[in-house]
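Chains here go by letter, A, B, C, D, E and F, matching the order in which they are written, and residues are numbered from 1 within each.
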Amino acid sequence: MTHANAPAAAPRSTLVVTAHAGDFVWRAGGAIALAASRGEKVTIACLTFGERGESAKAWREGKELEEIKAIRRAEAEKAAAVLGAEVRFFDAGDYPLTATPELTDRLVEAYRATQPDVVLTHPVEDPYNGDHPAANRMALQARVLAQAIGYPGEGEIIGAPPVFYFEPHQPEMSGFRPEVLLDVTEVWETKREAMECLGAQRHLWDYYTDLAVRRGVQLKRNAGPNLGLPHKTMAEAFMRPYPQIAKELA
Amino acid sequence: MTHANAPAAAPRSTLVVTAHAGDFVWRAGGAIALAASRGEKVTIACLTFGERGESAKAWREGKELEEIKAIRRAEAEKAAAVLGAEVRFFDAGDYPLTATPELTDRLVEAYRATQPDVVLTHPVEDPYNGDHPAANRMALQARVLAQAIGYPGEGEIIGAPPVFYFEPHQPEMSGFRPEVLLDVTEVWETKREAMECLGAQRHLWDYYTDLAVRRGVQLKRNAGPNLGLPHKTMAEAFMRPYPQIAKELA
Amino acid sequence: MTHANAPAAAPRSTLVVTAHAGDFVWRAGGAIALAASRGEKVTIACLTFGERGESAKAWREGKELEEIKAIRRAEAEKAAAVLGAEVRFFDAGDYPLTATPELTDRLVEAYRATQPDVVLTHPVEDPYNGDHPAANRMALQARVLAQAIGYPGEGEIIGAPPVFYFEPHQPEMSGFRPEVLLDVTEVWETKREAMECLGAQRHLWDYYTDLAVRRGVQLKRNAGPNLGLPHKTMAEAFMRPYPQIAKELA
Amino acid sequence: MTHANAPAAAPRSTLVVTAHAGDFVWRAGGAIALAASRGEKVTIACLTFGERGESAKAWREGKELEEIKAIRRAEAEKAAAVLGAEVRFFDAGDYPLTATPELTDRLVEAYRATQPDVVLTHPVEDPYNGDHPAANRMALQARVLAQAIGYPGEGEIIGAPPVFYFEPHQPEMSGFRPEVLLDVTEVWETKREAMECLGAQRHLWDYYTDLAVRRGVQLKRNAGPNLGLPHKTMAEAFMRPYPQIAKELA
Amino acid sequence: MTHANAPAAAPRSTLVVTAHAGDFVWRAGGAIALAASRGEKVTIACLTFGERGESAKAWREGKELEEIKAIRRAEAEKAAAVLGAEVRFFDAGDYPLTATPELTDRLVEAYRATQPDVVLTHPVEDPYNGDHPAANRMALQARVLAQAIGYPGEGEIIGAPPVFYFEPHQPEMSGFRPEVLLDVTEVWETKREAMECLGAQRHLWDYYTDLAVRRGVQLKRNAGPNLGLPHKTMAEAFMRPYPQIAKELA
Amino acid sequence: MTHANAPAAAPRSTLVVTAHAGDFVWRAGGAIALAASRGEKVTIACLTFGERGESAKAWREGKELEEIKAIRRAEAEKAAAVLGAEVRFFDAGDYPLTATPELTDRLVEAYRATQPDVVLTHPVEDPYNGDHPAANRMALQARVLAQAIGYPGEGEIIGAPPVFYFEPHQPEMSGFRPEVLLDVTEVWETKREAMECLGAQRHLWDYYTDLAVRRGVQLKRNAGPNLGLPHKTMAEAFMRPYPQIAKELA
């Protein structure tokens, strides 16, 4: 429904900017697997390993910082491989993740290097985790800077790729409203497999499976009974901070 | 980008619910012409002629009520024909247009008769014209009632077609945020011709041309420089009250 | 700061639309007295006497409906006289006050008869009293209808007078934000005298005096220390649902 | 409509805080010219030249940073002179403009030096340009600091001048609601001339002319038909973050 | 944490106002069972049977209107009995449920008869089902009318019982934000049993079980790890339209 | 109404995070005195003395910075003692108070040292004083960091204590909505005595007494007439950024 990228030859490119190592799996694993399944390129810019804020189990077992970072990196790389994506670690330190000009500049580089057609990141608010809004602010700022020919650095300037915010853990407390419901039924098994790479957060496997079922119920409710959707439709929800560009209303 | 309508054979159908005779031209003429140009069916449910609230010139010239209604009907029919749509008049009386069970029931009938794939109507708020919110309320309520097998009446129940709100005259005062920018460049001449059928509101021809230019500038700004868009892109803006159902993020 | 009314000769006219007999005193007595003190004409359209919902004391004393209405009418007339305004009673029945086409039509008449330069009424929300939002809806709808040459009835059509919402009893629960702070210091004694006409609600005399002190403190805080304002500035707060028209920023 | 500045003698003073060299012309040129035409003093605190983010044409032509800054400075000085204002450059570096204590402190100095009766700046949000919100934050913070006798620095403390936010490029996406419509018809030719000083952004001349026409249409719509306004009224729109202080409702 | 009801002897009373026969089970079954388990009285005012809008299966099976109403009544009575509550049917007709003075008056009667200490009802918005907002409006209006000594009718006037909105089917699309998370773990089996009385909506049994798990996870997340909560905490979410009255912050 | 802290023995603990020396008295003196009167521990983390921004009188009298800090410290210590709380000064410098990692880290330490059951702080917005939002941001961030076992530092990690925002000086301009009304009647004399320790801000004694009366009127209005509340109920208002955890709806 959007403008086709004119001449093209290069496959479409998606850039995912996340705060911690597990975020891209729980929140956007379906969208990533779907894009990869169509032969598109997906790059994950992972700002931290979630080594302090999201690795309680490892700390309780007495592990050290570097060891924990290594574990989480390995898990995330495995999950990314399952989904068909490449992951780059920025190792910026979490809890708190602090927005800095240097880190933003490295993201500008990532934008120019990947030339994304689509950008995924955290939403603006999250009262339970300040690292998520920090990642959001840097992702959005870097996208604008990467568009400016006057901003220094390697690579071509980028266009204005659409941005999608993925769903936070407590959507209603974070101002999250499902504006796009993405049908991920056909790649669901892949997402489940990727989730199971994250051994340290086993309790979330079923939690995010249930969420996909519920978003699937809503997808069907919003699509009407006559679309021939499978009995169990699985879905992910997203917000759009910028207007959709369309050639048709649908 | 949306689910294809499974077996299908019938062309896609669009239902436009408006308060007054001119609304569909100024606010959605491009969307209508675009759908028609693809061979789709477009039906306009026009609740009133705008005979009291939007025909000041005719009243000042001393015309009578019935005469004014006839003039506005003729203009609207001509404009609809230019756009490639069919218009049905409900003659419910404007200024004020009052929501009633009977009128809503007639809209349910229109939904079931046209089986729309897409619905266009006024947004929720308009501090300058209470008829527009009244049309919105009935359009939304009738859509839900038409889905229920238990609601009596002729025709098949409908699915859950996406709804788009078109742009009010003073968008910022009406809580309007452009969520979808529709490229109407290729049907622009048709929309202009339809606008020129509305002789009584000549001052709006340029106003809505300028608006399309500005929305076109925004479309290009949100789409990035690399889409090969024409120099002068013309656009219309819409809101989505329900989530978009997607098979791809784009 | 606003456009001067061109030729002029007639004094400026203010129309106040309220739900109950006491509302105009507590909420806008200062604004009314100020306008009257400049020789302007103020008309209060009082939709009900507040006979059921705001006369608990009288009911407890065993008074009858008509008696209560007579008491409240007398009090309101006295208060209006003190402020320098004329009050018209619509006797539409309160608790609940129900919006009807007939009542709205009578308000259209009042608009056309008084040709207001300024309109005061209740704000959109009040979770403690549904009569206030009902009065708001009718006041706004009638204002728009009164502008239309096609709307039948006596009198000249009106322009688009600015509307001000006065402060509800629990502002933070009613979405009320003080957008205009009106200095009523010079007519404060008059407002106090008018309040004291409302014997049945003696407990509110000090309550609304305290409110005026607090709004006065805010007025000074927003005006800066250098305006030579009196030590004890008294103020009333208002909202503007429509944009201010200005010839100067100030 | 506002409190007259008591003894007075000094002309009124306006301080405009903007992010880039062109902002004051497109967004507030009319307000500036109007104030200047009444003999008031207008000072523009221009935080950057827009050398990186808003000078794409010059970068494409292969110009160097300092050269570009010089071009934009010259253009802005010429435009300011046409409008009758003085412009001070802070050369803080754009894309990104970063809020710092030092820069804020220099703004405090500007506030105390100019003793503004009115302040104009960017609104809080702008999803397309992070420099605008950064300028907003510093402008508001410096205004509060400049009021405190305990905050060190030269000059007298200031009062609490009203603040007006001017219109961003995409108002509906930036939470902008026109709360004040300023009639700039009588200085329109001056604003147009100032716009034409900005040779690098030729495509915006007509864009902002059209915007002024549209805001003028809305001004007339909100003012009513009876104000004797000129056929083609030109206007600029503003928001008020603080309450208006009034001696009269109008 | 609230004020104890002074002398008292009568058990606490809860009034639940719902649009359709199943609503009180899915959305507030836990809250009802919890109150009943403490020996409190719970009365459900069920405005319609959901005979048209929520009985698709029965219609598809060719059942008649009266038959469907009888089925739904029987199911709801059984579920209420399991929860320990009494249900009263108003048979007002659904799809659409229309707010009328008569129906509101019957609700006033119910308020005065039950003298509730707590009120539960639907939230203000639901874009998928207009009957829910209609029930909300009448429930809130009747509560205010029932407080007024001047409003005619049998029974004592009521106080100002706190109101809780229960969770709609698509919370994020209905402006629902979980403001109170109620621990219903100890009555969960009872709620499940009540849900299983609603044979016609079998697909919702697991859906609402999953929802209770998720709200339980959030309860634990918001309560901290140190409260000795059971491994699997089940919860229901509510909103408060009025301020909480407290004797302690907790 | 909340979960009892399981075995426990230690008294409940409250942590109050404020920007300036006087804030805890005006805004939360009642809540503090109430907790202390029940034998609970209350600790005030006072980030600055308000030496620059809230000590205008002392500056006008020509006092020096250190002298002013000493005066404000003494006043605050006296007021805290009256209320029954302990105050810790962070001396971080006001006007502006700047959020830094170091200061946040010191707050983490305070959270872990005091193990609060309840947290009080400023709300998110305050257009009149940027130090208040800065204190809010650090208080919320430190609370989340203090929960993480991976965040380094002394002391045990904390749970997820409920947070309450106290009332700002201009509530309607700061997005403040009274979500909790706390009855402080029984400790009112103590709060008044604490206020009178703040000699430099004598004009606020009555202002905040009036505010408590008004919030008390609202408490009674929201609680209903039948609670046997004292004639003059005094109250403080709070907001909850996180959901309330409840074992009962009340």
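Throughout what follows, a contact is a pair of C-beta atoms (placed from the backbone, for glycine too) under 8 Å apart; a residue touches a chain by one contact, two chains touch by 3 or more.
Everything numeric in this text was worked out from a predicted model, so none of it was measured.
Note on connectivity: the fewest steps through touching chains from chain A to chain E is 1. Of all chains, A has its CA centroid at the greatest distance from the CA centroid of chain C. Measuring from the averaged C-alpha position of chain A to that of chain C gives a distance of 53 Å. Averaging Cα coordinates per chain places chain B and chain C 38 Å apart.
Between chain B and chain D, the centres computed from C-alpha atoms are 37 Å apart. Contact of a single residue of chain C with at least two other chains is seen at positions 128, 173, 178, 218, 221, 242-243. Under the contact rule stated at the top, the pairs of chains that touch are A-B, A-D, A-E, A-F, B-C, B-D, B-E, C-D, C-E, C-F, D-F, E-F.
Chain B meets chain C in the complex at residues 51-53, 55-56, 59-60, 65, 68, 95-96, 98, 127-130, 173.
Note for the complex: chain D touches chain C at residues 1-3, 5-6, 14, 31, 34-35, 38, 117-118, 120, 147, 158-162, 164, 178-183, 218-219, 221-229, 237-238, 240, 242-250.
Looking at the complex, you find that chain D touches chain F at residues 101, 104, 140-141, 144-145, 148-151, 241-243.
Those residues of chain C that touch chain F in the shared complex are 128, 169-173, 176-178, 207, 210-211, 213-214, 217-218, 221.
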